[in-house]
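All chains are identified by letter, namely A, B, C, D and E, in their written order; residue positions are counted from 1 within each chain.
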Amino acid sequence: MDLLPIWLTLKLAAITTAILLVIGVPLAWWLSAKRSVFKIIIEALITMPLVLPPSVLGFYLLLAFSPQNGLSKWLHNTFDVQLVFSFPGLVLASVIYSLPFMVSPVKSALQQLPVSLAQASYTLGKNPRETFLHVQLPNIKPSLLTATVLTFAHTLGEFGVVLMIGGNIPGVTRVASIAVYDAVEQMDYTSANQYSLVLFAITFIMVMGVFIYNKYQFKSPLE
Amino acid sequence: MDLLPIWLTLKLAAITTAILLVIGVPLAWWLSAKRSVFKIIIEALITMPLVLPPSVLGFYLLLAFSPQNGLSKWLHNTFDVQLVFSFPGLVLASVIYSLPFMVSPVKSALQQLPVSLAQASYTLGKNPRETFLHVQLPNIKPSLLTATVLTFAHTLGEFGVVLMIGGNIPGVTRVASIAVYDAVEQMDYTSANQYSLVLFAITFIMVMGVFIYNKYQFKSPLE
Amino acid sequence: QTLKVAIAANLQPVMKALQSDFKKKTGITIDAISGSSGNLSNQIKNGAPYDIFMSADAAFPTMLYKQGFSQHQPVFYADGVLVICGINKTAVNNWPSAIQTVAVKKIAIGNPAIAPYGKVAKEALEKLNLFIKVQPKIVFGESISQVNTYITTGAVDAGFTTLSLIRDPSNKTKLNWALVDSKLYTPIRQAMILLRRAEGNKQAIRFYKYLTSSAAKAIFKSYGYHVN
Amino acid sequence: MIKADIKKQLKDGQLLHINKAFVTGSITRVTGPSGAGKTTFLKMLAGLIKPDEGLISVDSNEWFNSAGSINLTPQLRKAGFVFQDYALFPNMTVMQHLKYACGDNDWIDDLLKIGGLDSFTDKKPLHLSGGQQQRLAILRALAIKPNVLLMDEPFSAIDVKTKMKLLADLQTLLRDMNTTVIAVTHNPQELDGIATDELIIGED
Amino acid sequence: MIKADIKKQLKDGQLLHINKAFVTGSITRVTGPSGAGKTTFLKMLAGLIKPDEGLISVDSNEWFNSAGSINLTPQLRKAGFVFQDYALFPNMTVMQHLKYACGDNDWIDDLLKIGGLDSFTDKKPLHLSGGQQQRLAILRALAIKPNVLLMDEPFSAIDVKTKMKLLADLQTLLRDMNTTVIAVTHNPQELDGIATDELIIGED
């Protein structure tokens, strides 16, 4: 078994998760506060990758990333960044694809905190940012962990989008899910089975780990 | 645009959702009650399709569904049911694939009900089944609706598994997500775009609908 | 950076031999990316970073050439051979009548729109006036590779594929097969092009030339392809 | 006569040990600091929490006996229970609450009058004030005509005037039914002149 | 002197109208039935809920004025607030709560002694009894040395003995700081002899 696709997948998942922690958590915070119709539309858009066929997402990304496209052309000429059939492109696609896995659980956890927690912090003179960092975020740690692990695992499992905009290039876009597909197509069922088992083992252990941790952890009275 | 794939997809999603309501809701109830290590393992397994690459699931289903396989052969000989390249096969795959979308939200909603609700019902002499039907289920309606809509929408979006076990048969297994992929591969971007827009519109309207409903509905104090 | 060669799925078995032979001769490593000819063409159109595209027909490379993805006309490198193949004998012995029996439940062919081997399979069935009759049994593979998968897992009883599958020494599944009469389909004239980004890439040009060398021809031949 | 001699290791480490007999028809006031185990005690009587060891018997029936492995379900004990958080069913109207508990319409009408909820029969809990919610919780527990009525802070949300009227009515009713009442309260003056017995849990 | 003349349409349809002045250093007891709007009134004073119209002024500063579109944030008002549900931070120990609120270690030590929490400084709320949690909520509100102290049912979970001791200590402290106190309570006897003024909300 060629381990390159496994490493590539882990790298993709790690980078995607890191990016989503940075942009997804503040986004969740923004969404958790007073709702407006505009926010509901944004939230629905964020949820879309959860339900939209990967082939539809892949198709639009292919069009957007294609060098024929103005923005992609400009990116390519200016920064020498090509998005289609490239690792940066996969990262961007994965960020979009896994966004709801980070945003939704964090958002609902924030909404489930009693409002009086933030209010108490305000009456102590603390601004919303301090309140978020010192009061709200520390009290949704289990949800944050769950969101992080599921985001990571879900990115490991990304397939359809990569199939369309990745192109199965070894070491660049040939992630494990594609390697399984490729091995099956090459009738190399031994490799397909090995990749599958590795992926299954990694994701299963992660999911189990989170579940058991969430069961046995010091339970906050808020959940 | 050939509308057959759209109808087929809607049919698949409707049947899958109906089946999952019947098996997923009791399963969620069972999981929501006192937890054991065994239940955690079951729960992790149910969560797997959310994070496992569709190509892995597709690979194993291909092996399991192949008429060479003992069980499939028996099914075939006894009931004349063929699972590979058939609509029943897609239904079975979709049920597995969308299971976590039904079970997880219903389970957490049940767990978030105050335990005293069920206890109150018990002290009135009601058994767990009556309590579930008359007290617990009616009070998680919004979550049940969300789970149903997301299950339906997520089944609409199924791609990787169908790609591997469907065989792209018009009217049987050529669902909309496959039609998009197929059109893109044929460089027929007009059709790809039409299918994509239809799928995007359907799923977006459903997701928005649930979000708005959940916002404006009569809010139960329990959520 | 290694060379990236996009290959039509039917070439998968022979490519392994070509790669190792070329590596032995030149020390150059090649990454092969396989798919149906149409799928690969679509990827190239959208910017896939491939150096050479080896198609299963001439139409796709010609289209890419006309659209400016190459500065050179496509070049023929081999002619493919269509076979019908299955795990059980029943489906392939006297296949035109066998595939009409109830014993044959599913028949795999490549997607005619993107896989040239599927296109000729359909053509052969149509010539025999069988296509309409067996249509309910037909399943479409995304590429000839997927057809091969369906055959070797036993998911279908029979499938139309390339002779190189049979000649592939690494294929351990015991297969029953029969040639499809070459009069039933237009010759599968497989062509390749050197893509724009490989322009001036000495290694790419070297492999491109190697493919029409006698050494390569011998390998193609041993996998059942016709070369001249 | 209800006899309870039970032990329970509480989650916070304390050992709760209660040994007490309640005369049939008596009204016992249970007091004690927060977290002492008052709610836990009531729930053990109702069969909602299992004691670690001991014995609970009601007249000649054993409800719980760790030695004989007897542990009746809450359904079989059918103790009326007024929960500290009311535990009303958000999906049910006042009337549906009472109909869920019992089928006797005359009895339901009587209860609605006693609780002063007769003009709110089609309201769901969300649209009731805190005091009305609490009264509904009491009526629901009474709807099953329980022999034992366990009440956890049953009057905390009811203002003094309403409480006095309700208590007077309840007293007659409970005397008629000969119900044994065990009521937890934080306010030591509450139930003065009504309670006939007292249990203090966890006072050091 | 705190002056409030504010109106608020409550979610249940009632109109809450309060017009009252609170003398600096006074202790006002607020009573009234459940749901009348006591908590809402305190939150409007603290800037956590916006009144529909009216005026709130503290000495010569306007905190809220619907005519002049003035509405100070809670951060600027810095009213000490003891929440009905305590609103303790589950992630913080007793000490961290007080340090989050103020930087004066001597003051924190004083508070811990008054609240009898000096031996629990490294405990998180989950490991405190209800009464200890409530005392921590009071100490946290005092940590910012507020001019105005708003307390919502601050003694409901504290047993009588502890309450008496705490009240005595608080009284001295509040007098020293000249803090204006507004305290909601359900128990009409509570704060007898301590409260210097009274506000009844929503009694018909």
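Simple rule for what comes next: contacts are C-beta pairs under 8 Å (C-beta built on N, C-alpha and C of every residue); 3 or more make two chains touch, one makes a residue touch a chain.
Listed by chain with UniProt protein names: A, B = Molybdenum transport system permease; D, E = ATP-binding cassette domain-containing protein.
It should be emphasised that the depicted structure is a prediction, and the values quoted were computed from it without experimental measurement.
Enquirer: Mind listing the chains that sit against subunit C and also against subunit D?
Expert: B
Enquirer: Tell me the fewest steps from subunit B to subunit E, where a step is a jump to a chain it touches.
Expert: 2
Enquirer: Quick one: which chains contact subunit B and subunit C both?
Expert: Neighbours common to subunit B and subunit C are A.
Enquirer: Just list the two chains that share the greatest number of C-beta contact pairs.
Expert: So the chains sharing the most C-beta contacts are A-B.
Enquirer: Farthest from subunit D by Cα centre, which chain is it? Let me know.
Expert: Result for the farthest chain: C.
Enquirer: Can you give the whole-Å distance between the Cα centres of subunit D and subunit E?
Expert: Inter-chain centre distance comes to 33 Å.
Enquirer: In whole angstrom, what separates the CA-based centres of subunit A and subunit C?
Expert: That pair's centroid distance is 37 Å.
Enquirer: Which integer distance in Å separates the CA centroid of subunit A from that of subunit E?
Expert: So the centre of subunit A lies 43 Å away from the centre of subunit E.
Enquirer: Which integer distance in Å separates the CA centroid of subunit A from that of subunit B?
Expert: Centre separation, subunit A to subunit B: 21 Å.
Enquirer: Among the residues of subunit A, pick out those that touch two or more other chains and give their numbers.
Expert: 62, 184, 189, in rising order.
Enquirer: Could you say which residues in subunit E touch two or more other chains, in rising order?
Expert: Nothing qualifies.
Enquirer: Could you pull out the residues of subunit C that touch at least 2 other chains?
Expert: Each of 45, 149, 153 in subunit C touches at least two other chains.
Enquirer: State which pairs of chains touch, listing all of them.
Expert: Listed by label, chains in contact pair as A-B, A-C, A-E, B-C, B-D, D-E.
Enquirer: In the complex of these two chains, what residues of subunit D are touching subunit B?
Expert: Where subunit D meets subunit B, its residues are 43, 46-48, 73-75, 77-81, 83, 85, 87-91, 100-101, 125-126, 140-141, 143-144.
Enquirer: Can you list the residues on subunit C that touch subunit A in the complex?
Expert: It is residues 2, 4, 9, 12, 31, 33-35, 43, 45-49, 143, 145-146, 148-149, 152-153, 171, 173 of subunit C that touch subunit A.
Enquirer: For subunit D, which residues count as touching subunit E in their complex?
Expert: On the subunit D side, the touching residues are 12, 33-35, 127, 129-131, 156-160, 186-189.
Enquirer: Which residues, counting only subunit A, touch subunit E once they are in their complex?
Expert: Interface residues on subunit A, with respect to subunit E: 114, 116-117, 119-127, 134-135, 138-139, 141, 218, 220-222.
Enquirer: Using the touch definition from the top, list the residues of subunit A that touch subunit B in their complex.
Expert: Residues 35, 40-41, 43-45, 47-48, 50-56, 58-60, 62-63, 150, 153-154, 156-160, 163-164, 176-178, 180-181, 184, 189, 192-193, 195-196, 199-200, 203-204, 206-208, 211-212, 215 of subunit A touch subunit B in their complex.
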